[in-house]
Structure formats: structure tokens, C-alpha cells
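To keep things simple, chains are lettered A, B and C as they appear, and every chain counts its residues starting from 1.
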């Protein structure tokens, strides 16, 4: 089982993430069984990315210095054969974020994880002009994810009420989670770290990403049943991740899209 | 009811706040029903402030780059008719903070929210030399708040055991809350975001600020009754904000000071 | 009792710490009864360090600007007779951190608190070439701590399953705590603040450091007994610190090493 493998390995996950997410993400990775480190100085990111088992980059609270460090870290990870996950927070919201998205996609992430509108925004940038069909929200996200996966070579995960994962050939849907999850800040950002921990300790990036999302959804379902608001949910969610039994996870539904 | 209006609108609140507060503030805004975003890069703050429904600026963990971004964001908010709330953390503590206070007051905040000593420090800066009567702590805060409101055109909220709100003409006192609140970090900073969420979705800034403080005090009262220390209080406070029933809020006492 | 003295004084603790730890550390200091402030701008750190009762410096999320501010703050603290605690997070991991460690040790911290590998890395830097005996992990940490204490004049605390504290002459072992503690992020970083709060309100830095660690271990033991995962542990830990009865702390075992 991938979760047991992760817990046995305790992978070191190097995160360049936003200020809001740092504490929650570190707690979520520790609860799961990984070892988080937040390191962003240009003086050391490349060296640290070569030591860690995987890297995550999140543009939530961006600035010029950090963007430069993100590019250096991503390049070092790729050079040293370490997988990295890109989290394009609000990538369509400002011109600066669109530019950051382009620069980081060029560093070839292993996985891109975002919500539907972020994946749509990236796919439109990456597409050769044909554009993305957006007649229906979920179809649009699926088509955008497939197109983005093919254009970049990354596994693309679109998370929301139902999660989609695709490598351009296979498509998985992960059900579960809980309606309280969007009322707790940075659960999406933290999931990016969980994806990194799974792909760092598994050979098939697509299946490892699916396993990460399935674990998260299951912990969300358990926490939701045990809480009465976002405060008690946060606490119960960490406990659920810590106690998660790899044997009891629901199966992931995978289809072939080509 | 203003709380129902807020929940219906889900206002996007742009926050340039201190590192300590970011996570708590985001969770508090989400629990209440608003949509928080933390964005501070000079490359994008002006653009983002024009998109959001309201802006907050908090000088808790200040630095030169951020102060510049704060000024740009505040200017953009004012230009685009978006209200903004200023939180002058420890404004009297160092010369640098005094200077930051002057620069940001000059950008004409809609609301200034601070504790008694912060409001006193700002009022002394804004006053024309007459000084602030400080014979008694609560009287001093009331007089300083009125003077600051008249000098700046902002609604001024002094939060503490009893909250005071004034626009220079009307004065409101909000009772409630709980003695555990000062033992949880950044509850004051986060309240600044809650004020922004209310004024973004209401026409009368003074009454909207009163409603924000009344909701916060009531959630504090509920959480205090259900907790045995600051850890359980934090969790119960988020749950209480999430579950808050707009119909059961205690009335706010308003007097006319002119 | 040192805890009662601390609560009576409510010392103002100036922290230049990493982004991950800030919120947790502030909450832990407030729960304990101290008053935390996070201030890092070069424009004000020296002034603020002269106002506060003690200073902490943590290199977890380092950058060039901050390192400069850390040096200025440490120098100001030393000049104004204020104690300061150094937390050398991952000091051996990159060349940049090794350099930061050397620069900050040169500013003469009152206490150095780290895990065994961090203290070993610092001791190797500080040693005159003889190296540190590393035949057994706990012996190595003890010898490194003593050597580092003698080389720097600081009290050295090595925290882990069993904590060691030494001033080069006396050696204390603090038992207790709980296995859940390493699964919650920044409990070590926050302990650095707790040490600062104790040494700010006590004359004997060695004994005050021991008292800080004993309180922390006891709160951990209480929280561990009341929780079922890292989420409920965090909440219970803050409640336990808040409720901690100074009279019920277990004794600290002290031996003389010279």
C-alpha cells in the first residue's frame, strides 16, 4: 500500500509555499507521516532541493525574490531527479500570477494540482489557441486537465467536490471529502504537500497522486462526521490523517481517455 | 440582517496582514462566510485591490517592501471606491511604526481598528497639538477615538473588554466577548478582516462596524462557555462563528456624541 | 516558583522566528502567560530588542534581509543586557545555514536550544579541531552540548525524548513529554520562546532553562493523555500550559559534570 510505504520512508518534503499555508501544511505532512521543511532563500534553495525527496511550489503569497527562488529550486529538483508539484494559486487573478505560472510550468513540474478555475487558466495559457471548451464546469475542467497534461507532461489534478486526476491517457475520479473542507483555509495548499509525499515514495506518479487524493478525501469524510464547525473539523482532520488505516480506503475509479 | 447579507455575498477580502495572523484570519473569515486572500507583492497589490470587495492593512510584521505595497494597495482601493480597514499594530512602539502610521492614515482608511493604546498613539499624531485627555483609560480612548474619527474621516473602533465605535458623531459600545480572547493570538488582527467583510456588504460603515464587533463578541461569549483554555477556545470560536445565528445577536447601544 | 514569577511579570518576548512557527509560538507564549511580539524589520529590530525583556532568534526560514536583522537585534539585546535564545534550525543542512550559525553564535546568545543533530553541528564548528565524540547518540549530544557551552558561554539545551541542559559545569536531564510532540509542527521552535520567557524573569539562566523545559514536558504529558492525534494534542497542549499548576511539576535531576 502506498500510504504504508510513505509512512515507512518518512520522505523529506521541501516546500516553498505561501505564508498562510505553512503551519497547516507542516502539521498535515507530520500527521500523515512525512517530514516537512520550508526553505526559500535563494542562497540555499537549490542545495536543499537536491537533499529533499520531493519539492512543492505554491504561488499563493508571491513576491519577486520568492519567484526567483522557486525557479532555482524547481530547476535543481529536475536536475537531481526529484519530483516536484506545482500549486498555481489564483494563477488567473493578476498579470503577475499569469507570468509566474508560465515561468514555473517551463520548469516541468511532475504534478500540477489546482482547482477548476486555476487549471482552466493554465490550460488556456498552454494551449495552442484552440481554447478550452467551457460549456459545463466539470467537463471544462476535465478537458483542460487533459490538454494541460499533454502539453506539459505533468500529471494534472483538479480538486473540488469530486477530484479529477489525469496524465493525458488515464483519468481518475476521487469521490468523498466533506463540505466543510472549503471552510478551512489552505487545505488545498496542504494537499499539494501530501501529493509530493506520495509521489516521492511511489514509482507511478499518476497512481500515487490518486492515492494522495483518496487518503485526503477519506480523512475529510471521517473528520466531517466528527465535527460541528471548521474549528473542530481542523483538529479532527489531523487526527484522522494520523490514524488513517491504509486498508480501509475506498477504491479509486480509473478510466482510459485515449 | 447584516450577517445574512455578508454570508449571501461572500465578499472577497484582500488582506495585507502580519505573518502571525494570516492563517487565523483566513480561517475566521471563512468560518464567518467571507472569502479571504492574502496578496502583498508590489507587482500585483494595486490590481488585486481593485478586484476585491474590501482591503485590510495591518502593520504587525512590517518591512520596507511591504510598507510600499500597503500604500499602493490602499491608494488603489480608495481610487476604485473599495473600503479599507487599517490595523495599526503597536504603532507607538518604534519610530518606524509611527512613520508607517502617518503614511497609511494619509491614504484615508474607511475604518481604523486598534486597542486603546494604539488609538491613543494615532490620535496624538493626528491631533493639532491639543493632545488627548488621558485622565482615565476608557475616557481617554473615547476622546482619542472621536478626535481621530474627526481628523481622518474614518470610523474608529477601539476594541478591548468593552468595544467603542465612533464616526465622530455617533458612539457605540459593544459588550460581550470573553476573558480568554486576549490569550489567543491575532484575534484582534482577524477582527479587522471581519470588519472589512461587514463594511464591504453594507452601506453604513459605522453600523456595519458595530455589527462586526457584536458578532465577534457573541462568538467569543459562546466559545468561552464551551472551552477550558486557549486551545479549546480557538476551535470553539471558529465553530461559533460558523454557526452564529444572526437573529440572536444582542442589541448594540448607540449614543450621539454631538 | 519560576512559573508563578513568569506569570506575574508577563514578560514581553521579541521573536525573530520562522514563518511556520510564528502563530503557534505566539499562542504558546500567551497560554503560558508571556506577551509575544514578532518584529523583524531592520528599521526597528534594534530599538524593539531594547524594549523587550528577552529576544529569540530562529533561522528556520532564513533569508539575507532577515539574517542582517537577526544580527542587529542580537547585538542590541546584548548591549542592553537583555538575554537572548538562539534556535539553530537545521544548521548543518546547507552551507548558508552553517554561515548563519557562525554569525549568530558570535553575537553571544544566553541560551542555545536545538535537537541533537543541530547541537552536534554547532559544536563541530565551535570546537578547536578535536571534534566531538560520537560513539553513541545521547553521549555525543551530551559531550557536544558541554563543549558548546564552554566555547560560547551559553547555556545549551538539547531537546528530544529526554532533554539535556548544561552550562558546561552543571548538567540536567528532563524527562516527560509525549511521543505525539514531534508530530506537531514547531513545538521545538515555540519552546525556544518559553525558554526566553523563563530566563527573562529569573536570575539563574541554567535553572530557568531547566524550569522552562520541565513545564513544557509536563504540559506535553498532560496533553498526550487527553488526545487521540496531533490535532487534538495541539489544542490540549495549549489548555494544559494555561492551566499548569506550578506546584505539581516533577523535580529536575541535576548533576555536576566538572
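Following the convention adopted for this analysis, a contact is a pair of C-beta atoms (placed from the backbone, for glycine too) under 8 Å apart; a residue touches a chain by one contact, two chains touch by 3 or more.
For clarity, every value in this text was computed on a predicted model and none was experimentally measured.
Enquirer: Rounded to the nearest 5 degrees, what angle rotates subunit A onto subunit C on CA?
Expert: Superposing subunit A on subunit C takes a rotation of 120 degrees, nearest 5.
Enquirer: What's the call on subunit A versus subunit B, same or different interface residues, using the half cut on shared numbers?
Expert: different
Enquirer: Report the inter-chain centroid distance for subunit A and subunit B in whole angstrom, where each centroid is the mean of the CA atoms.
Expert: The mean C-alpha positions of subunit A and subunit B differ by 33 Å.
Enquirer: Taking each residue of subunit A in turn, which ones touch at least two of the other chains?
Expert: 19, 22-23, 234-235
Enquirer: Which part of subunit A faces subunit C closely enough to touch in the complex?
Expert: Where subunit A meets subunit C, its residues are 19, 22-23, 26-27, 30-31, 36-44, 47-48, 51, 65, 234-243.
Enquirer: Which part of subunit B faces subunit C closely enough to touch in the complex?
Expert: 18-24, 60-64, 90, 93-97, 182-186, 227-232, 234-235
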